[in-house]
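Common to both upcoming complexes is subunit A, partnered first by subunit B, then by subunit C.
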Partner chain A sequence: MRARVFVTLKPSVFDPQGRTIVEALHSLGYDSVEDVRQGKYFELDLATTDEGKARALAADVADKLLANPIIESYRIEIG
Partner chain B sequence: MKFAVIVFPGSNCDHDAYYAATHVLGQQAELIWHKDTSLRGADVVVLPGGFAHGDYLRTGAMARFSPIMQEVNAFAAKGGPTIGICNGFQVLLEAGLLPGAMLRNKGLKYRCEYLNVRVEQTDTPFTCGAEVGQILHLPIGHGEGNYYAPPEVLQSLEANRQVVLRYATADGALDAAANPNGSLNNIAGICSEGRNVVGMMPHPERACEPLLGSTDGLVILESVVKALATA
Partner chain C sequence: MRARVFVTLKPSVFDPQGRTIVEALHSLGYDSVEDVRQGKYFELDLATTDEGKARALAADVADKLLANPIIESYRIEIG
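Moving on, here comes the complex of A and B:
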């Protein structure tokens, strides 16, 4: 079973890369792009077919390593 | 007195730290590979600058799983003087030995230059030879030195006097122009609650001989020699 983990900086944390990207987009004329937040994306292949277990395992892995809880939050998609 | 300089794959200031400890300070030092499981009787632990584990995932994120870090944790917990310089500071944050985290520099640029930091606290083993308010001219070289901590953590750091160094102008003013990376409260270095663990972004080991452009790094390095001699 595959878990997808999206890690992003918390909304309260300034994202200098996202800011630079949105400014670049504005300079290209994409004024309707109001904000960009850059993050990381992970695909985990898990040895389980149980969605609940897969979600719990992915959350455990994200808490322990993939995200730094001081500055980042994450979202998990299964399947 | 013996320094242990931890060598992670990707460390690149390990030999500078070793050189400063031995050739400049005249002390013993040993380079210790990250897979070792003993600090070999060291009195001071240095986590050097560089790019441990290639900065994969996040700066310092993988280093906390290196076997030697269990020994470093135990050494720090017993009150042993431990310093993380630049990438070593990032490792200390990821390992939970110091509070907070590093973000990409506000201007996104890798900043490599000499600047000034103001000594805020002198009751740590790495600043006990300095005076409060003393300005140190030290080099930095980093892309992720933008110190961040949640508001309540920042408040407790300030209340406990754990901010040891701040980016400042040559005359000691703390303004935004003196801050190279966007760090909260111009923070360049902090210590643990027990005050024996210090993390700093500037490189004292790169400023310990006149040929290097400054000898102010000696204030930091000689402090720990003094601290241990009088302990």
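Moving on, here comes the complex of A and C:
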């Protein structure tokens, strides 16, 4: 079963990568892009067919290794 | 309107970051995580309310700036 984990900086945390991308886009003429936030994306292949177990395992892994809970939050999608 | 862009290495391209994460997880006892692929995730705030235009703009931006089409592919979700 596949779990997808999206890790993003919390809204209150400044995102210099996203800011740089917006400025680059504006200099290329893409003025209708108002804001960009960059995050990380992980695809986990899990040896389980139980959706609840997959979600719990992905959350555990995100807490321990994939996200820094001080400045980042994450979201999980299963399937 | 918000567009979400997921950039991942093409399946044929070796992902050393993902490999390192799997090995770290196995050493922590998470043996049921069989594989990990790491990618990038972008949230774009766009000054349009037309879904078609938002998707076209996000694809243009992904082609030009967010993804390297030689080794990466991307997927776009709107809304």
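Basically, the second predicted complex is superposed on the first by the 79 of 79 C-alpha atoms of A that agree within 3 Å, B and C clash if a C-alpha of one lies under 4 Å from a C-alpha of the other, contacts with A are read in each partner's own complex, and residues count from 1 in each chain.
Note that in this section a residue touches a chain if its C-beta (ideal position, glycine included) is under 8 Å from a C-beta of that chain, and two chains touch if they have at least 3 such contacts.
What you see is a predicted model, and the numbers here were worked out from it, not measured in a lab.
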Greater subunit A contact set [subunit C / subunit B]: C
Which superposed partner A:Pro16 touches (first subunit B, second subunit C, both, neither): first
Partner chain(s) touched by A:Thr8 [first = subunit B, second = subunit C, both, neither]: second
Touched partner set for A:Leu65, first subunit B, second subunit C, both or neither: both
First (subunit B), second (subunit C), both or neither touched by A:Arg55: neither
Partner chain in contact with A:Leu25 - subunit B first, subunit C second, else both or neither: second
Which of subunit B and subunit C A:Gly39 touches, first, second, both or neither: second
Contact residues common to both interfaces of subunit A (with subunit B and with subunit C): 65-66
Subunit A-touching residues of subunit B, taken from the complex the two chains share: 57-58, 61, 94, 100-101, 103-108, 146, 148-150, 153, 182
Interfacial residue positions of subunit A with respect to subunit B in the complex: 9, 12-14, 16-17, 20, 65-66, 68, 70-71
Residue ranges of subunit C touching subunit A (in the complex, touch as defined): 6-8, 18, 21, 24-25, 28, 30-48, 57, 60-61, 64-66
